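A, B, C and D label the chains in the order they appear, each numbered from 1.
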């Protein structure tokens, strides 16, 4: 599975919901957003936007497509003058509301202008929206992001920051928000810290907020600190201050950020993502050794784990799969033959490397199994004698409600089949998953929280929060598809 | 240096001139071209086109951009009906004639229709063009490709194939041509075989021609044989036949195809590219060992060599540099700070991996040195204690006239500086290049030809042909910039 | 002055705000909207959209540009399935909010879906918006149209139609609304009937609503009746019913619809627009006769009046000015010479017709005078001996607040200069305007209302309503620019 | 029939082949081309281009679409620097070769650069092309224009102007060429002067060449003289000189230029087009009077004739048909009802004007009769009591080979039916055509040549030249479709 890009477009895979970025205090704020969002592009490819603040007046540009497509005409960047700007890259299902859902949202009121960008998923958005609509609110997008703005505008608090705090207490789920008003840029994190959000500082003193530290690096900003659960960071011309809107916090960083989503050069909670993945691979080699000729990883997200597996096992690490670096739309192909070639457009097996070999194929995770099956087939067609699949994370058996785009258990192969059954379904010669302990120890967080501060709900159903709007459906799904271990 | 994509757009780097592809005998010939050309996209990103043959009538579509952009609207593919089709991806400098230069060229005469696609560079095109214009010929592109068609149409031979043979004897330099007429698809290779060209066959019997075998794989075609120097392959509804237009041949495969251009999953002359690169890395470890903590490769083209170096040296292979998989235009940035961030948009150092480490940085080649210097800087800014640069090929000291876009010695750092000087210029702690013998033995060809069948002119100035139109300028350049070893 | 198209783009001229259209009960509802909106294109060229109702579910497409540009790809029309659809063409100043302001607006609530299109201008929108925002409402456009939806959703009435009636009583000014819910299409007109709105019926029984009857003709619908001031027409699968939301109505049809905006083939309140204009020309010939050789009209909107003038006066009607039927953007030209040529791109004088002649030039109105001056110059440069300007309406001395884009008196030449001064400013040999009585009698309405049912406020400042949000500024403008007669 | 725009797109109608324009000696030469070509847009809407000459170096831009679409981005105009430029608007059937056929053609040779634009049609192009291809020439377009350049380049003459003269003697048919070399702009007209070409001069001394004088007016150039049959005009920094390449000339101006193609504000051979048309209408009123209530013209090309008819007959001239000024693509409509509405999108009858009236409908010509039938139907549906069709030209019975896009007699209704039959086919109550004498006298040329210098071949088959490549097919067509009078 590639980063944010499935082997088959028809297979809806794990998808992060969005990346956020912001700069306060640099004359080229919009251009810095362009750089920063480009480095966060793996977090969402459906749409992008930037809102800039020019002497208190906000102006934005957003559209469907990659950030480089949205700002294909450089004049669009030049129009976004100002010393501060926030931006967003969006993941969204096709046809999910078009341009109306692309962020940052820009609201203009008689008394203030506010831009808002959101990474995550609220779990009580549906009921809040119902309440708000019943009270006369009009929504203009499908997005749950808009809920926050309605709460803020309806708050009876006197100060903006207090309205915001009140609203943040009302919304539930996973969220890393960046807001921009005329005179401040504000970041806010949910009480579990599901999504990462970091503060950086540039040489000229400008402050930067970003979903991942790779975006700090790209603009040459030094890492200052992570935003912590329940915190609000307020950045203005005076500097930055941290406030909290709740003390009822428990760290539960999304483990999939380490496993799959985040860029290897990012650090989350002080842990480098590449290093964590390499550790997962090493641990996997200990937990599930196999006699083989070569170890290969599924590019790009599994290469770190594969090299760890190779190093630990002593089996040579080889480049047995090549990902085409150019992205092409796979049209719906009229024949089965063409559909299979469509797969090979994206990923190829290196015949000269794998032919006649016993191959350990390391992947980060298995969602539906379709992709794994195709890759095993690719390798066998290229002459691999045996293909031993090693997954550098535990089986995905539960949905996520905090910002990952899998909300039903039906689509998860491991929720419906045993490991042995999955092995057969994907035509592998053997199959092993990393243990939950192995995952936790490989990442190596040490927060005073369950699982050392990781959210492990995917794997064990232990959700760090109540499920609100999702609870009924979830319980129903447990009934119809009993959990297999 | 990434495949076909320099770290800095302002640094004009090594660039392949084009990739060619063709299918004869499959009802989805145009779609197969789309797949095949996508897998050859690394050979040229400036333009692309396909010409299809529908019951003897040829129709084409071409435009600037990636193949996925040229055929963004699927209806353009659907218009290209027919059982055979040839295609082209073009590398070309910006503004080099626009759409007129994008291939395949499609010519319609009173007596026949011919499509023509070309990979390579002619060295007597300028003088041939002058002669032809003086004889009344009108050219419609800047491209040297058009020359062949004028020669064919002016030939006094009776049969098309004889006209073609006569013309192929007249043009000099590097060329892999694919032509399509109403009733045949024809491939032709220059007498030195500078550029690769392979024949494959699909399950339904359709024949495929392609610059690289990765394009055979992508359409599920089996490799049949390589087209050899001086050969013409004629494919029609009866099957394929091989003819020769000259016996005066000497194999001199472009060594840069192995070092840098070709995709790792391609085989050239029976040698897998990834394997050749890994061997170069292993040999480099023997020739230029160093005491270090980690080995890293410059993505993507140097990863194979780096893993070879690591394996042989026993130093751990790490992912110390990350290439952004999304391609974005780097606008001309107004300030130095922004320009440096533009570099980081494309390539990032992984701080968590390299900080405090003695790093062996393996790259495939050094052209101007600018890119190497920037990468060394990136690594040092990310905390690398030492950066030892190991280049998996010998120093580039001479231009190429057979299809690589470097035609003057002034731009080659190794033509103007000693290895020790280069080390200082790129801020490396040490620098070594692979030896010429090391390169030849790593690739391991065994043709009965100089350098076992490789063109080594880049490294030693031993050009396999006379230089024709380029000779005067080349000799002059030797005078002004004496060769350093 | 051409219809909706000034001679010079830099001269902001009279501009209608929008056209609306809707069909209920025809399987090709969206295509009929395309036809109908194309025939209303003269009412707005900045943006267009259609919302279709497919079995109760609403789906829309809108964008900047002409309707033919917005639906350039026919597949966009095909996506809009359903038996009913409403559409809108928008006039809007450049940069006035972009796509967010293009209608129909489509709102999706938990309990209903509503589409809304508006022709006209509210005069208390600003204060209503302020009140609504203070009560927590969030607006997503600059448009005053959105206000109505907030009022509807906040209404305490039980039934949708009662919510709508209550809201219609709250908004003030000029409006012809078309709304579409899951099960009905609704038209509503302001208490003065400033904007026209007609009901038609197709042969298959489908009902049509349209700003002008020309749009009924284009889809082959028969005229049923005009919507009257204070009326709501509710169309559903049972047929249509008329209700009223207020009895406090006074007919005051915008006289500029007859003079300039509407298409000549439309009927408004039973009066054909071409015929009304021809009458204005005839009356003008009586009121302001002149000894001349030929009569010419400024294409296209003044041709009817010019032919009336010619017929009555017995002076031959000639085609002395030609409007280029192709629309081209006039770039901002670097020199005065180029700017003048830019004018001639749009309008040319026919030298062979006007040279040596005493010309009566009939135009529908004078706004700033700039255009008139340029046309007089064009005619004189083409050799006209004398140019006698005859305006087929009274002098424009007051702004409009009900849907015409002139809201300040400073830009109106007749608000600041006497007729004699204007004559000199536009270089005319003589100048006359139609009298107010002449205008009223030429149109020939006979409603029991001031001015027989016309709004004459442009000419005499007699506004049919209070001015609400505009009152203060208007009174101030009267002070600074005293009214000249 | 509108100018260059049929009522129904599916009806291929009379179409001019192209307009040419050029400026020598003005710093804004490309912008002036933009203005001039816009005023010639009615002569061709399929493609447009401009080539500018900057200090002897030629650079061009061309594309499909209107001139305003081709130069939508003003930067394309700014790129075309230089003191001289030539341009072209092209009429061409859809799919006729795409961008390759769009002019001006720009040729770059080792010894010179030449741009070439052509209005007209060669009648021996096919045989010349065959000869040239047999001699090794390669053509890159379908256009017959390219032939001239091959002839020039293959000429054995020493001087460019002599090569050109020799080539002009070789090509046969209708042509008005504009060429531009590094140091001159050259116009050339065929020996019959079928197509108009005029010389103008701007205030700064710059010379202008244009297909119609309306384009001189638009750039503020004074008319200098018409280019005469057999003449070459050479414009360079010294001024202009006239040479002749043949004395064997006979004036035969295309009568359809006066009847239909040219803009009313243009003069051709000293006769204003509007005035000629008005005279045709007056003469038609004398030749074919009728008792009726109103006279209407089919917009836009028949309005002049209609006003002439009205004036002479004393019957009031009315605006009974309205052409939508906005151009929209008529998609292929799925039902007959929608197809009829598609017609009404372009042209509407004014019910209030025609209802209950006996109408004289004046049109300029009848080609297939389809359009006339639809318009008569429109008028009757709008309530016209009687529709008397009066055509301001004689019946079209013969094809044209000199630049009008009707080359077979099968499509001409008057070649296959009597006037009485046509009347019935178009549902008219009566039908009359202008006589040939009436046409000639209305235009009023007095050249010493047949028909006073008009080409009347359309009407009487009296072609001014041999027919060369078209002769065989033409004679065959006479056999199968005997001429009706």
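Note that in this section a contact is a pair of C-beta atoms (placed from the backbone, for glycine too) under 8 Å apart; a residue touches a chain by one contact, two chains touch by 3 or more.
Owing to the predicted nature of the structure, the values given are computational and were not obtained by experimental measurement.
Colleague: Looking at C-alpha means, what's the farthest chain from chain D?
Modeller: A
Colleague: Would you kindly state whether over half or under half of the residue numbers at the chain A/chain B interface are used by both copies, giving same or different?
Modeller: Looking at both copies, the contact residues mostly coincide.
Colleague: Using mean C-alpha positions as chain centres, tell me how far chain B is from chain D in Å, no decimals.
Modeller: 50
Colleague: Return the distance between the CA-based centres of chain A and chain B, expressed in whole Å.
Modeller: Centre-to-centre distance between chain A and chain B: 36 Å.
Colleague: So, what's the distance in Å between the C-alpha centres of chain D and chain A?
Modeller: 61
Colleague: At least two partner chains per residue is the criterion; list those residues in chain C.
Modeller: Not one residue of chain C touches more than one other chain, so the list is empty.
Colleague: Spell out all pairs of chains that touch, sorted by label.
Modeller: Every touching chain pair, ordered by label, is A-B, A-C, B-D, C-D.
Colleague: Taking the complex as given, what residues does chain D use to touch chain B?
Modeller: Of all residues in chain D, those touching chain B are 99, 107-111, 129-130, 133-140, 142, 146, 149-150, 153-154.
Colleague: Can you name the residues of chain C that touch chain D in the complex?
Modeller: These residues of chain C touch chain D: 2-3, 5, 28, 31-32, 35, 38-39, 41-42, 45, 66-68, 72, 74, 77, 214, 217-220, 263-265, 267, 271-275, 278, 300, 303-304, 307, 311, 316-319, 322, 324-329, 331, 333-335, 337-338, 340-342, 344-345, 348-353, 382.
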